[in-house]
Amino acid sequence: MRIGVFICHCGSNIAATVDCPAVAEQAKGLQDVVFTTDTMYTCSEPGQNEIIEAIKEHKLDGVVVASCSPRMHEATFRRALERAGLNRYMLEMANIREHVSWIGKNKERNTVKAFELVSIAVAKLRNNNPLYANKFDVTKRVLVIGGGVAGIQAALDCADAGYQVVMVEREQSIGGKMAKIDKTFPTVDCSSCILGPKMVDVSQHENITLYALSEVEKIEGYVGNFDVQVRKKATYVNWDECTGCGACMEKCPSKKNIDKFNEGISKCTSINIPFPQAIPKKAAINPEGCLMLQKGKCGVCAKVCPTKCIDFEQKDEIITEKVGAVIAATGYDMFDHSVYKQYGAGQYPDVITSLQYERLMNASGPTGGHIIRPSDGKEPKKVVFVQCVGSRDPSVGRPYCSGFCCMYTAKQAILTKDHIPDSDSYVFYMDIRSPGKGYDEFTRRAQEQYGVQYLRGRVSMIYPKGDRYVVRGSDTLAGTQVEVEADLVVLAVGAESAKNAPALAEKMRISYDNYGFFMEAHPKLKPVETNTAGVYLAGSCVGPRDIPTSVGQGSAAAAKVMTLFSKDKLESDPQVSSVNTSRCIGCMKCATTCPFGAIKEVTDRAGNVKAEVIETVCQGCGICTVTCPQGAIQLQHFTDNQILAEVNALCQAQLDF
Amino acid sequence: METIPLNSPDREFIREVQERSGQNVLACYQCGNCTAGCPYNFAYDLSVSRVMRLVQLGQREAVLKSHSIWLCATCQSCTTRCPNSIDVAKIMDVLRHMAREAGYATERNVKAFGDAFLESVEKHGRVYELGVTATYIRKTGRFWTDVDLAPAMLPKNKLSIKPHEIRGKEHVSEIFKRFRERDAVKENS
Amino acid sequence: MSISVGYYPGCSGSGTSVEYDKSTRAVCKKLGIELHEIDDWSCCGSTPAHTVNHTLSAALSARNLVLAAKQGQEEVVTPCPSCLANLRTASHKIEDEEYRPKVEALLDESCEEAASVASTLQLIIERVGIDAIKKAVVKPLKDLNVACYYGCIMNRPPELMKFDDPENPMAMDKIMEACGATVLPFPLKVECCGAAAGMPKKNIVTELSGRLLEVADSLNTEIIVTACPLCQMNLDLRQGQVNRANGKSYDIPVVYFTQLLGLALGLSAEEVGLSKLVVDPTPRLRFADVL
Amino acid sequence: MSGSTGLLTEGQDLRIVGFLCNWCSYGGADTAGVARFEQPTDLRVIRVPCSGRIDPLFIARALLSGADGVLVSGCHPRDCHYAEGNFYARRRFEMLKQFLSVTGIDPERFHYTWVSASEGQRWQDVVTSFTERIRKLGPATKMAGGTGYDEECLKEIAAAVSLGDQCPCHKEKA
């Protein structure tokens, strides 16, 4: 092998504390090294040309650059090698800047260290092999999981770009939380007026296939080629026939079901369409409440249905879909506030959640938009809002800020005044977090124009007194305790990850944080990407996000999918594991440890079980390599031999005495 | 109102409170929940969250001379509900210890009552309620404010006239003695 | 079934709360619990001790736990939450290898062998159990509307007490229900009554106990049920003072849960010390056909 | 001295080998460099994609070949770029620690920790304190004859440790 070594000065960044010429000189003595030099700025155009020329002139088949971190310029130098006709993986770098010159002032020691890092790099390079990327086809269909506003936006953008979209929504209708809320901050425009048309677009778009009341059962495969299984839950109604006329709902005698869409503040029939604008607008039977399914008698809906689409025998159905990319947009759920026993939450009828309050204010809600007390139907005159319930509270395991509750509380306080002009509103807050465009002005308006009384402090307890509720909190600005007697208390309940989000994350093979929110590939620079190629994120499944951000991310995720789909073939990263079949004994231990399901079992011609790496799925972590008892599966570019060569280069010196 | 000079916060004070209470006072984010739930707040001069704040700011004097730390009844409301799981009641307790040690007694009657109670325990091994009352009156010069209770209590034999002496009362009084000796040592060093 | 535990009555048991002590002993006997009073027990130091010094407080309490252990009791129960809090804290501290020597230095003896401690309420609900109580009831407290008031330290802080819910405890509610009473949802179950402030700061008691009586009254409470001598004293003995200070005229009997439980189990008014109460509960109890 | 280079004239660096995952800890070390957090010069870093790629064999081999210390660092638990590589790593390292003493190596010479790409300060602390620790222990005594360890025995140990994932005691923990 013929190796060339280039020692970079980085101006004085390296040269000030490392004797670069001496390192270059010393490197000449390393095995296989035929050329060494030191240069001012290796990454500059002349620097790169020097490498290219040296490769040609000295017939180098490998290059070591000792300079800054490979995280900085590895890609740069790999391209330079390619331009000189070498394989890009015949490059090794020694990090003599971040790891040497910048962290130590002793030039002598730095120089030794720099040299040793160079010798490690040379030792590794001597074991390198050219690696070549494979090309593979992309299925240009995308799966969108979750039909909240983020998912809807992503789906519409992809569909408009001409790609097929499969949308899977867990509930009976798409729309997510936004479909439940009344008006939206900071413009206070009607939520369903802006979301409704988008929902209709989803149902009518020729490129979108929607599975509601469905969940993703399984995802296999890899970027460009995912196989997805979707469980369509039994609705007991043939949706191809159902016209959404609602005749069944009118006649169903079982009327005591908890109305999930209305957050439990009202009841609904066992056969139900959750709300008039539901998409798809189809009826479904709640088997727990249905007299026919529970006791075998009734069948009224089947009798009245004009299209005869009731089917009590219906079963869950598994559908398989092939897609090339996945967008997760599963949103959030509300914190279970009943842990706050001191608030009587879940116990006192007039202590309700913010989302329940949205349903109360909503013109299409169960009260037709009249704000009334659940206990006695009276109009409340004093409404107290309590912020940060289940947020910013480490004692209940929720130390994070839910981000949007300050804003929606201000909105709800404003709307309360609009609905009930002679009412008074009080807001207990810790801080007001309103960093969006026009947001702070909005919370100020609540105070200045609407006279909402903001009190800075947490609430310690709420208890009933007569037919009102005493809310005892503090006003730390006044420096003392305060008490308000309220007719209605609204808890600004925090956001937590969607139910079973971790299980879904595991199906998608992406990471999630301590709270079950999905993890971005990089919190700043890759906010909609994940560590698994081909899986993207949108909206509040990453953490609490308001509507503008969720929509923005829906579009961003769609753009990433389109970028992916803009190529007909994808290139795989060749730094993946590969199995030496003659060594492999087929124990499949590697497969059980691989976090990405990248190893499958195959049988060779002699009928022996062998492991095989699906190159496109393998992410190159090397966990399998360590697991294999035979050393049969080796992560390319980080093989046992390569790493041991580095270890030896580093330690052998001492044994040489 | 006075300006609090922050140039030289009493870090030793902060450290001592933290060490003796085992609580991280820096974890307090001033939500006011402790104040909100404190049943004694109406009688306080400094609400309990302000006490916490002043401790954070290293304001020894302001804290140790406050009335609040004497009035706190260790009802545990603050401790139970603090979002940051700070044992606030324990901090109040520790502040009271420090105030005693430093010679503050802002609520004389509270201190006198405590002292009278402990004297009784020291003497008899158990509390002798009438004795406590008598000592308390002697210390404060206040006639028993509860004389109006006597007609209700006496006929029911609820106040025993004689102290309950225990056999091991020496043992108990020695506990006090050793405590004072140990304390004296501490003060000298 | 026979349960045998050490018993720490607490100072007030021989003074202001004799009826609590009396009814506790009677009820336990009835339920098959043997209480062995710790011989020569001393005061736990109560609130004054821990407000002076934590080690002193721990030593005063620990003396009793060590005594109990010497007398062969592994477990001690006490009716009084204030004693409980002190004994529990002490027990916690002497489990701490680093803290124990400090306590031992004051006590001048080893604390390694010390009894554990619980409340009689906890003992009854956890070891006897609601079902057994239900079976043992002979005189159900029918038509009696009661509010159970636990006081502030029976369950708090939860890390120390490890018993029931710190915000909405239910142990007494369940016992009273088992006795046949109608238990009202009393929202101030764990609010402080003013505790030991009675003597030095009467206004605190009249304010805090006043709130409790007001809310109890608004629920049409016939009898307030307590488990704490201080609460009982503030609400019962001082009810007149509270009324005068607040311009009210409440007349709500305040009894110990052991007294009502005892009656339901068939004990006599005398056996549970009803006559010691200041606000007389007998008219209501007669009306409800309990007496 | 350092026979191989002849560059160093005075004093001797200890031989500390670092295995760092590419995503978090290598980045953390870079961050420390960018921030110019000064560190002892004894450590040399080998970059691997994931702490899950670090075969206990590498560590054992380094220590048996005369390294004075081995420092391993990966992403914080749950923060792994490859989802769970660091969990595997942790199990293997715990096993390794138990085995090291069997080979006559002071397990104190081996340390593993978690440092994220943003934690330059933490990296500085980790390097400094680990180097301190090794300085206290002093240079490793060289194995007799340079390769005084039984390669076979080493492999067996490494295999047992790598397979920690399948070992029953780990199933329980998982």
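By letter and in written order, the chains are A, B, C and D; residue numbering begins at 1 in each of them.
Convention: a residue touches a chain if its C-beta (ideal position, glycine included) is under 8 Å from a C-beta of that chain, and two chains touch if they have at least 3 such contacts.
Bear in mind that the values here come from a model prediction, so they are computed numbers and not experimental data.
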{"item": "A-C or A-B - the one linked by more C-beta pairs in contact", "value": "A-B"}
{"item": "Averaged-CA centre spacing for the pair chain D and chain B, given as whole angstrom", "value": "53"}
{"item": "For chain C paired with chain D, centre-to-centre distance based on mean C-alpha positions, whole Å", "value": "59"}
{"item": "Sites on chain A at which at least two other chains make contact", "value": "342"}
{"item": "Per-residue multi-chain contacts in chain B, two or more chains", "value": "42, 77"}
{"item": "Overlap residues in chain C, where contacts from two or more other chains coincide", "value": "167"}
{"item": "Touching chain combinations (by label order)", "value": "A-B, A-C, A-D, B-C"}
{"item": "Residues on chain A engaged by chain C in the complex (per definition of touch)", "value": "341-342, 344, 347, 463-466"}
{"item": "Contact set on chain B toward chain A in their complex", "value": "29-38, 41-42, 47, 49-50, 77, 81-85"}
{"item": "Contacting residues of chain B [partner chain C, same complex]", "value": "39-40, 42-43, 71, 73-77, 79-80, 87, 89, 93, 96-97, 100, 107, 109-110, 112-115, 117-118, 121, 125-127, 129, 133, 136, 145-146, 148-149, 152-153, 156-160, 164, 166-169, 171-172, 174-176, 178-179, 182-183"}
{"item": "Contacting residues of chain A [partner chain B, same complex]", "value": "342, 392-396, 430, 456-461, 472-476, 479-482"}
{"item": "Contacting residues of chain D [partner chain A, same complex]", "value": "2-11, 13, 15, 17, 22, 26-27, 29-30, 32-34, 36-41, 44-50, 52-58, 61-62, 65-67, 78-85, 88, 92, 124, 142, 146-147, 159, 162-163, 165-166"}
